[in-house]
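A, B and C label the chains in the order they appear, each numbered from 1.
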Amino acid sequence: MTTSPRRVWWKTVVGLVLTGLMLFPVYWMINVSFTRDQDMRADPPHLFPTDGTLDGYRAVLDQQLPYLGTSFLVGLGTVALTVALAAPAGYALAKLRPPGGPALSFLLLIAQMIPGIIMAMGFYAIYLTLGVLNTLPGLILADTTLAVPFAVLIFTAFMSGIPDELLQAAVVDGAGRLRTFWSVVLPVSRNSIVTVSLFAFLWSWSDFIFASTLAGGGDHQPITLGIYHYIGNNNQQWNAIMATAVVASIPAAVLLVLAQRYVSMGVTAGAVKD
Amino acid sequence: MTGLNRRRRLAAVAVIALAAVTAGACSSSSGDSDGGGGGAYLVWDPYPQFADDSDWVALLKKCGTSAGVTVERTGYDTTDLTNKALLAAQQGNSPDVLIVDNPVISTLAEAGALTTTEENKLDVSSMAPNLLGAGQSGGKTYGVPIGANTLALYYNKDLLTAAGVDPASVTDWTSLTSALTKVKAKGKKGITFSAIGTEEGSFQFLPWFWGSGAQLTSLDSPQAVSALTLWKDWLKQGLAPNSVINNTQTTSWQEFASGNFAFAENGTWQLANAEKLGFSYGTIAIPASAGGPAPAPTGGEFVSIPVQKKTDRYATSQKLVTCLTNADNLLTTDTTLSYVAPVTAVQDRQATENPKLKVWVEAVRAAKGRTGDNLGTKYPKISEPLWTAVQAALSGGKSPQEALTAAQASATSK
Amino acid sequence: MAWGFLAPTVVYLLAFYAYPLYRNVELSLREYTVRSFVQGGAPFAGLDNYRTVLTDPAFWPTLAHTLVFTGASLVFQFTIGMALALFFRQHFPLSGTLRALILVPWLLPLIVSASTWSWLLNSDSGLVNAALGVVGIDPVNWLTSPTWSLTSVIIANVWIGIPFNLVVLYSGLQAIPVEVYEASALDGASGWQRFWSITFPLLRPVSAITLLLGLIYTLKVFDIIWIMTRGGPTGSSATLATWSYRLGFGNMLPEFGPGAAVGNLLIVMALIAGLVYIRSQRRQYQR
């Protein structure tokens, strides 16, 4: 398993190329965000924004920053609620195998097939009655429906891989189910928790349909609605739209890289401890 | 094992039964919220591009103050607004004033979501009849136009001069096609438009369709076929790019702005952007097949007053709408939107203040409503087959005749 | 005790999914017009909406597109995702950072990523055609010809789906204890053998759930296709999901009944996939 440094660098180069390929459309988005209207459909297209403009960014920095804050709050709330709901459920389905468990997994699968727009219409009716339209908790609750079924299924799949001996050992030590869950299952499942959190965050970050239906009229609008400042009824300002997307993805991308650091550190730390 | 299976099945049944009970509980407790409440009046518009510090919002606030109420305004994406308005009407949560794209008015009226001018006492007598038509059905009027737009041909003066084409000579389809051919011979591109598979595509095709003498009640007439053949031949001869099949009006404007196209079919709303072009431009009316200007469809939004449970709110809503649509305010609003006003007197003022608007005022006066001719909610059932036919012919699947015959069959079967 | 852990999720499911699901079924069984949608009182229509949809000439082509779109997307997303996961599992400088960066496409609102793809694939001013031109290939009408439109939306969808597969499979790989590999490395197994005899079998539960979730998400995809081609030209890239959206919401005069019926057919398709999954799970229980 020993590899020479030269070979490792070769892998880094391949990794860079692969990442570059995957991110090329993102580069294009950045390119467009700097492009003047008259160059947007140049034929042949310009690979670099040679006569660039900062108009898009000017518009975004003037108008979009509050939306970013809302998106962050909604994303964090969605992550917290999703993990809190789904982790115990995943544990129960994977390790306690209750009667009706498979039926429940099945319902979770079906739940994800309901079209988003129908879900949003249902929520609208419920929220109107409860009076939580245009509130942050309302939007967070709705956004968790994007992630909870997924999260339960993922937790189930990952937690079923936890060796039974580990759990039995905890029981022998006199721990109850709750203690076992809290101090054995959760720490071992750090990887899947991070995976689930990541997706819960990303989904709420890019959600448009719930935001538009349930928070469109309020003071708490996420960044996806902010983009619609540049989509008029007849006309779209594409450099500003793309600039919004760029500005919105930078903080989130930083977060991803940091989370990533944490995961790999956690994994190695866990391996050493074992 | 079987026992376990039965228990599982029982649990599943229990879950489903509980689901049904909860669903029933949710649907029966319909909302009794007060739709805004107190002195606040809700206004929804399709202008998300206007932020809270814009002139438009300032105008709304001002009208609210003069009516003695506060205005709470929300701007929605235009396609999203139709669904949202229907949903709100279903839940009894409609805004007090709703501004929507004109073809949507007949749909919302059909749904019983809008009040008529008899109920809300709006005065629409000053509005131009050809614009008001889109808001009328069954002899009733459901809203007031706030501004109108339509389509014309923008041209690139520099390119036409280089190709030796006098824009004034473009008066019918033959002269237009020959102008395009001359431009192409110079290595530039002819014309760009939007033939996308949505209402936008029908909107852009209609001037040619109507300009051929065709009627929406008969999509497969020889005239209609000639209009579609015109477009198809342009694509075949390379006078128009293949990308038009997927172009929105914004995309086709970006193509024109690149300076490579001699003509672009686009709307009144691009006037502000036209001033930013890197070349000099002009506008002509879209020519009819046999010459003269073709009737173009009217675009633009209507202000309406949705049905409320508390009918005493209409009086204030009426004051708000009257304020928004009085002559001075129309002038301001339509200038910011780059629209033509719906009132003849205001149109004249616009034309004197900005001579470039003169072409557009004339175009709007000659334009036709899409849902007019008593089509109302039949229009969407005609428009979808129409844009489908345009797409089928342009993407090469079918001949114009085949495509339009299929469209007519589909429109009559619905 | 087990249900104590499940209770929050069950309550949550009932509270938030039951009503929309009931609503979707109800919409499909009544004859809704815009008027009855708002005012109520739509007559019960039994399976009429389903009959309308199934006898529509567009049904079979659309179903075929759905199967091709879903099948092709799954195969490519999964294989590429797996390959990238295996690649990034080897530790090399920057591996963690690069792997995190590959997730960036997920941060973009779909309207932006889908529009970017239609930008790149534009017939006349698109970069892809410009690049093909450099190597002497004639421009392809990616989005505007019926032959290519489905391929184009599949490419975009695969691109959007790769990060999901990468992340889930990567986490799955992390869960495999290193000792297992060390044992086999001593036996002198090659990399390929190691993958087929150790990694793949141990990754089965995670692979199964990734594929199943991928299937469900792909069946549901409509925004990417809608933004790129509107399902056209002439329905050549329409799937059941875009068709359902077009019927119910993409038109000025919505047809809620047939729209919901198409949506429910999709739910049935997912149901079948779910049953297959549950069966395989049960087989594992019994082992």
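Heads up, the rule we're going with is that a residue touches a chain if its C-beta (ideal position, glycine included) is under 8 Å from a C-beta of that chain, and two chains touch if they have at least 3 such contacts.
None of these values were measured; they are calculated from a predicted model.
**Q** Using the contact definition from the top, classify how the chains connect: line, ring, star, complete or other.
**A** Chain contacts: complete, every pair touches.
**Q** Going by the touch criterion at the top, tell me which pair is linked by more C-beta contacts: A-B or A-C.
**A** Of A-B and A-C, more C-beta pairs in contact link A-C.
**Q** At what distance in angstrom does the C-alpha mean of chain C lie from that of chain B?
**A** Averaging C-alpha atoms per chain gives centres 33 Å apart.
**Q** So the centre of each chain is just the mean of its C-alpha atoms; given that, what is the distance between chain A and chain B in Å?
**A** That gives a centre separation of 35 Å.
**Q** Roughly how far is chain A from chain C, centre to centre by C-alpha average, rounded to an integer in Å?
**A** 16
**Q** At least two other chains touched by the same residue of chain A: list those residues.
**A** Within chain A, residues 41-43, 101-102, 104, 106-107, 117, 121-122, 125-126, 238 contact more than one other chain.
**Q** Going by the touch rule set out above, which residues of chain B reach two or more other chains?
**A** Residues 15, 26-27, 83, 255, 258 of chain B each touch two or more of the other chains.
**Q** At which residue positions does chain C touch at least two other chains?
**A** Expected reply: 10, 13, 17, 19, 21, 23, 122, 124-125, 249.
**Q** Which residues of chain C touch chain B in the complex?
**A** It comes out as residues 10, 13-15, 17-19, 21-23, 33-35, 37-39, 118, 122-125, 141, 143-146, 229-236, 249-254.
**Q** Looking at the complex, which residues from chain A come into contact with chain C?
**A** 1, 8-9, 11-12, 14-16, 18-19, 22-23, 25-26, 28-29, 32, 41-45, 47, 84-86, 88-89, 91-93, 96-98, 101-102, 104-115, 117-119, 121-123, 125-126, 141-142, 145, 148, 150, 152-154, 156-158, 160-161, 177, 181, 191-192, 194-195, 198-199, 202, 205-206, 208, 223-224, 227, 238, 241-242, 245, 248-249, 252-253, 256-257, 259-261, 263-264, 267, 271
**Q** Given the complex with chain A, which residues does chain C contribute to the contact?
**A** So the residues of chain C touching chain A come out as 1-6, 8-10, 12-13, 16-17, 19-21, 23-24, 27, 84, 87-88, 90, 92-113, 115-117, 119-120, 122, 124-127, 130, 133, 159, 162, 164, 167-168, 171-172, 174-175, 178, 182, 185, 205-206, 208-209, 212-213, 216-217, 219-220, 222, 241, 244-245, 248-249, 260, 263, 266-267, 270-271, 273-275, 277-278, 281-282, 285.
**Q** Show me the residue ranges of chain B that touch chain A in the complex, using the header's touch definition.
**A** 4, 7-12, 14-15, 26-27, 29-31, 33, 42, 44, 46-49, 51, 72, 74-78, 80, 83-84, 87, 91, 93, 101, 149, 248-251, 253-255, 257-260, 267, 269-270, 273, 276-278, 299, 301
**Q** Touching residues of chain B toward chain C in the complex: what are they?
**A** Per the touch definition, chain B meets chain C at residues 15, 18-20, 22-23, 26-27, 79, 82-83, 86, 89-90, 103-104, 107-108, 110-113, 196-199, 241-243, 245-246, 255, 258, 377, 379-381, 383-384, 388, 391-392, 394-398.
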